Every structure is written in structure tokens, then in C-alpha cells.
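Two complexes are shown next, each including subunit A; its partner changes from subunit B in the first to subunit C in the second.
Let's look at the complex of A and B:
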């Protein structure tokens, strides 16, 4: 079916990449959103520009969105997945989970890694390996599909953010109806 | 450090050239805001524009220490004839290939200059150079990535990149052409030898082009002093200075 027949514009976007940001050494990488990019290297640069211009960060990971296998606890309860048999094709998966949906700032966080034949097996292994606290959602990603920001360039990528203050628009002086509100910064 | 009147005047000239390069390029980059090929690149280039404008402020603040000049007055109330930016940076933004190539050429030059300027005998200049150098590492990654992608992309992207090279090349050596007072500054350990900065930058540019399968053009003779500008700068300043000139007494904006 052509785009005209479906009445939809053709998708000209580059592939989507999930972005994981680590705020400080010792803290887990958290899923903070996504970017469109041509490849992994480009995705990292876009991720830095879109997701780490202001907030604190020491590391970024990106993974193609189609490499992320995501499943909720509810889905697992109603329609359990059948893991592929564990065999010679076993690969390493990074495991992420979300354990809270209180307040708005909840994230799918990196918790560890498992070895499995496929993503369903990785979720099963993750549930056994990381039972507590109970997860609301699991993401598993083949480790070889994840690309990290260069460790040698941490200062160049993330330190300038510390000198750039984020200001709400109300921080800036404005003139409204003859009344001066705020002042020149 | 205490500077003789001659060295002080020479450093004011050099800092003005450095600030004007950054501010004019930053403004050209900012013209893409809302118009870049994809949202992510729009944000990335707006960030880079802000960084370059921030570097301009570093150099104008360093100049203020020397002669008490007001950075806002220099940015918003100075006419084209008094600007000291290189011509390459005032050319219209063109297409994405030209924008990325120009950014790459400037990033390479700035990286080589700042690497040496961090050892300046003038402490405030060395400190500002260290701050700006950090951001240039990331800028160069971004523009370098685009250079390789455009060169190795489609026939159209390679054609556009070659046109951009034809357009930029005649202006390239003006970036590192020494000013009248530079030799004295180099003698005093304040400024690196600009000819050496230029040679290092050119070598790096050539290596990047060759690595991307492009033939680096011959470097032309110097296009003249930084006091000569085209009409493009006049148009840029009308746009950039219009708000400040419309309300020179504004206290909040």
C-alpha cells in the first residue's frame, strides 16, 4: 500500500534510540527518553545535546529502540512469556527495571545483567536474579547493542553543564502592562 | 601580569578578533533554530551556538579587564567596519553541508588555538581558554561526524559538501592570519605563534578530508585583513542588533 492509499506521510525519521543517563558514579543508568539518529555514534551526540545539556551526568548509553524488549508485570501475570530454550546462542543482556510509579520522576533503571538465549529468557532470568523490590516493568537489551559515551571525554561531554544554570522563564525580567516584574538578571 | 601599553593594545585587538569570530559564527548557527533537518540536530546546533556566544563573552570580559570596554556595547552597538571576525564566519548559513563544514573548520582552528592558549602567560586568558577548550572537544566530535557522513553518504550529500568546500576554501587561511600586534604577544608568551596554529589546523583538516575520501583543495593566498567585510556582515548585524538598537535604554529584556 502506498502512503497515499493509507493517507499517511511516509516515515522519513531516522531510527529511534533509547537513552540511558547516569547522574553520578555509583548510581544506575536510567532511561530518560529517546532520540532519532542515523547510527550509534550519532545517537550518543544527540543524546548528550537533548538529555544532558543541563542536568548532571557522567555517562550515557544508547540502544536501538527495536533492541529493547519491554514487558510489564501485569503482562507477565496474564500472559506469561515462553522463554526460548537455553542453548549455544546464549548472549548477555543488560537488565533494567522500574520499581515505582510514585510521583512523576520514576525511571526504568539499570539493575544488572543476565545470560539467556533470547529476550524472553532474559526476562525470566532477571526475575529470578533480581526478585526484590518487585518490578512493575522489565526492559532487557542485548549488551552488544548498547553503546556508551567515551570515558576519556567525560569532562568535555558533561562538565560544562555544571556552569550553565537552568532558569525558569519567571527568572527573567519582563515588562508587563507598564509594571516591571523582576529585574535584569 | 602588568602589560606595556603596546602589549595591552595588541591583546585588545587579538581578543576582539577571537570574540568576533565566536559571536558571528554563533549567530549564524542560531539562524538554524527551528529550521534544522531534525529536532535533535536543531537542539544540538542551538547548544553549539550558545556555547560559541558564551566563548565570545569570555573574550569580551577579558578585554574589559584591559580597557574597561562594555561587552554589550561591543556586541550590540558596533558598526560593521569595526568588527574583526574572519570573513568565513559571516557568510550566510547556506545549506546543512556548508554549515557543518564551516563549523568543522572553525572547530579545528579553535581547538588548536585553545590547546596552546591554555599555556598563556596571561592568567585570565589561559583560564578562559581552558574553559572553552572543554566544549570544543564535543563540538569537533559533532562537526567531524557530519563531515564523514556527508562525504560518505549519498551522491547529493557529497556534491553539496564539495560545493561547500569550494565556497569556504578561499577564506580559510584568514582564520589564523597574524594581526599586526601578534608577534609581540607571542614574544611575551601571551599568544602562541599563529602561523604554527594555522599549520597544525591545516594538517588536521587535510587528514580529516583525506580520511573521508575527499581531495583537500590548495590553500589560496590570504584574503586580506580582518577589517574588511562583505555586505553579509552588515545584514547579520542589522538582524542581531535590531532589538538592542530599538530600545538602547532598556533595563529589562
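Let's look at the complex of A and C:
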């Protein structure tokens, strides 16, 4: 059957999913990039291959990119958002923020959650709830759009990376020409 | 570069504020205002970089089945898998600038996109795998350490992550070549042969001479590149020449010399004619590389169709 007959999507990129990785228990989930995937389960598997090839990871979250409301401090300063009135449609949003220009592998990190009627309201609530340190960028994501890696799979998904020491640069130590002994084969 | 005539006073003010942010060491993030030329330059650089990671899997991937030991096979699989991941990090960074991933991949498959010239040379022996790790990844790391300082947040973050992983690529290659360089006569000859074929391409991959890099001043002003091609090339040469010589190998450049006054190595003239031939699609294996990418894409079509059908059914069932 051709894609037209099955009514399947054309051969094109899948939806984009933002990926958040937690390095250890007690550490926040941090935005590490995005993957394209057909559904949440596929996105988690892609995220594991792309973003957890090495230690350390204990959990991954994925959220459809279109569920992420992102706004920078510059945008808030030049074009303030108008939150929808807080009403019956209130839902829970996970809040992520970035607070430093320091060199980093990760972008915004999870700081908590707020309840609001819409994403603009969630940003306003986040700014009130988490005023310090000043954020350079905010992301708010409806909690029910975030899918976490399965608890039961933590060991199977993340522990093998720890045993693959041959892909750690520290395994090779300092390599110098002329060292006849001590180099690993 | 935006035409001066089309610029409004407001644009000028925004540009000034933007440049002040960069001068102050701030990172520009998706959503922040940026000049169109900044966005365009980044898309150009990041997409070429992403394609290079993807095509970069091919020269070494061909040797996975022929690795001489289990350890070397595991290392090579991990390295090739890393290159795939690096391509994904970079496509993501490009997407934050509003370019769909699909558009970038189509450009590569249709032969409209550029990627690093160095991947259009063939890998003829197993020693090439080691030499690519030591020299090609060594040169790439030099460039990427510079780009990790980039003013655009998503590109900088991808580079920081890639540099951490590529240090493994560099070290495993160097380890392998050092081993062969002190091995049997035929192992030494194999290492020397690989050096002779990869040395000049590794110098070329750091890009045209500064006098042929018209974009560099603007890229430097906007904190995209913090060093010129020739500066990065000099760092690469200074790092690698003493180590190659220390290993007992001969760098294939008869006029290569250490300049006491400047404290740097001075290499011979790069064959820029060859560089441009390869960049323009006429290198030793350009056509083969693209054919391999297209065939991988076509052979994966049934998987993509199955995934899409499964997702459509799951969504249908849920609604």
C-alpha cells in the first residue's frame, strides 16, 4: 500500500520533542535538546540514544515542542505578555528557567510548578514564585504533556553506559609518544 | 549583511543593543532579537557542521566489521554513534533558528548542502581510522573549542557537549597510532602512509585562508567565531606536529619548520586548488558519500512508514 492508501503521514519529519535529562536523584531535569519522533514512547527512546550515551542519567522527560511556551528576559522586557484571566481552565505547568550566561551543556532547568489558566499566566506566576536569581529565559510546559522515562526501566536504560568505560576520555589518561609502557591496548 | 539603506532607526538601536549584549559576554537565546544576517550565518555554519557529523560516520563506519579486536570494534561503534548524536545536537541548534530539520536533510540528500571537505577522502587501511581520530578529530576539537565560546546559546551548548565526547575520539585515535608507530616495520609503514594521506586534508578542513574568508570579520564582531581559520589551524599544527614527530612519524611537508621568533610551527603552502575542488563536489569520494547517505535514507523508509502508521493508529485509538 502506498502512504496515500493507508492514510499515513507522508515521508516527512516527525513532530519535534524537547528532551530534559536528570543526571542524578535530587538534581533538576535540564533541557538538553530535541528529537523528532512519532509519539512520546518513540521520543523517549530517541532521547536515550541521542542524549544518554554516557553517564550520568537517571531520568528523561519529553514534551512535544508545541506544548513548550518559551520566553526570554529580553522578550518580557520589550513585549510584556498578557496572561489569560485565572479561571476554571487552570492547569498545572512545570516551570524551567535559565539563570546564567556561563558556558554550559544544558539550557533551562526544572525549578518547580505553578497553576495557571494559560502559558502566559504560568510565566507570570513563575516570575512571582521563583524571583531569584533573575531568569534569562523561562519555559513553561503543561504537566500533562510531559512524559517521563519509565521507573522500571531506569537500570536497563541508564546503567549500561556506566560500564562502557572505553568511551570515556579519562580511560585513556595522558598519551605521550615514546611511552613504551603504561599505555592501554 | 542587511543593506544599510533598508535599516530603520529602530533597527539601528536594536543592533546596537544586540552588539552590546554580545560584547558583555551574554548569550543570545532563541526568541531574542537578532539581525537577520546573524541568523543566516548561524544557519549556514550550523547546518554545514551538522551535515559534516552525519557524513563523517561514513569513512570510519566502513571499518566497523573489519576492526582487529573486540575492544577496537566497541570503540569504533561508539565513535560512529557519537557522530550520529552530534549531527542531532546540531540539527536541533539549527532548528532553534526556525529552519525545519527536514529542509536541512533534504538539502544534504539532494547535494545542495556543503559539509566538511575532509570526509570526501577514502579510508584505505585500518590505520586511517586511528589517523582520523588523532588528526581529523584533533582539528575538529580545536575548531569546536573556539565555537563553544560562540554567542548563540544553542550552538555553544552543542559544542561544549561535542568537545567533551570528541576528546575520546581524539585519544583513541592517538592511542592507536602511537601503538602502530612503535610496532613492527609494516605497522609503522601503515601509520606513516595514513599520515601522508590525511595530513594535508586535516589542514584544509579548518577552512579557507583568512584572506579568502570574507565573513570572518562580521562573525568575530558578533561573537560567532572568536578566532580566524588560520589561528585555529596554527593551534592545531602546534599541538600535533611535535606529537607526530615524537612518535617517530614524518609529517609530509618538506618545508615545515619551527619558528623560534614566533614560537609557532610554519607549514608549507596548502593546495587550495585541491581544497576548492573537493568543496565543490569533485573530491575523491564525494559522489560515493552522497550515494551512501541516500541509500541509508531510502532503506530506512519502511521503518519511518511503520512508525508513522503505528503512531496514527495509537492516536486514533485514543481519540
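What we mean here is this: the second predicted complex is superposed on the first by the 151 of 185 C-alpha atoms of A that agree within 3 Å, B and C clash if a C-alpha of one lies under 4 Å from a C-alpha of the other, contacts with A are read in each partner's own complex, and residues count from 1 in each chain.
Here, contacts are C-beta pairs under 8 Å (C-beta built on N, C-alpha and C of every residue); 3 or more make two chains touch, one makes a residue touch a chain.
Keep in mind that this is a model prediction, so the values were computed, not measured.
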Taking the superposition on A as described, I'd like to know which of subunit B and subunit C A:103 touches: first, second, both or neither. second
Identify the partner contact of A:138: answer first if only subunit B is touched, second if only subunit C is, both if each is, neither if none is. neither
Please work out whether A:48 is in contact with subunit B alone, subunit C alone, both, or neither, and reply first, second, both or neither. first
Quick check for you: in the superposed arrangement, does A:75 touch first (subunit B), second (subunit C), both or neither? second
Tell me the contact category for A:153 with respect to subunit B and subunit C: first, second, both or neither. first
First, second, both or neither for A:93, with subunit B first and subunit C second: neither
By the touch definition at the top of the document, which applies to A:14: first (subunit B), second (subunit C), both, or neither? both
Which of subunit B and subunit C A:36 touches, first, second, both or neither: both
Subunit A positions within both the subunit B interface and the subunit C interface are 13-14, 35-36, 38, 42, 49-50, 53, 175, 180, 183-184
Over in the complex, which subunit A residues touch subunit C? Could you list them? 3, 6-9, 11-14, 16, 32-36, 38-39, 42, 49-51, 53-54, 70-72, 74-75, 78, 98, 101, 103-107, 136-137, 164, 166-169, 171-172, 175-180, 183-185
Contact footprint of subunit A on subunit B as seen in their complex: 38-41, 43-44, 47, 51, 131, 134-138, 141-142, 145, 149, 251-253
List of subunit A residues in touch with subunit B within their complex: 13-14, 35-38, 41-42, 45-46, 48-50, 53, 153, 155-157, 159-160, 163, 173-175, 180, 182-184
Any idea which subunit C residues touch subunit A in the complex? 25-27, 29-33, 71, 74-75, 78-79, 81-82, 85, 88-89, 92-93, 95, 100-102, 105, 148-149, 153-154, 156-158, 160-161, 164-165, 167-168, 170-172, 174-175, 178-179, 181-182, 243-248, 301, 304-305, 307-312, 314-315
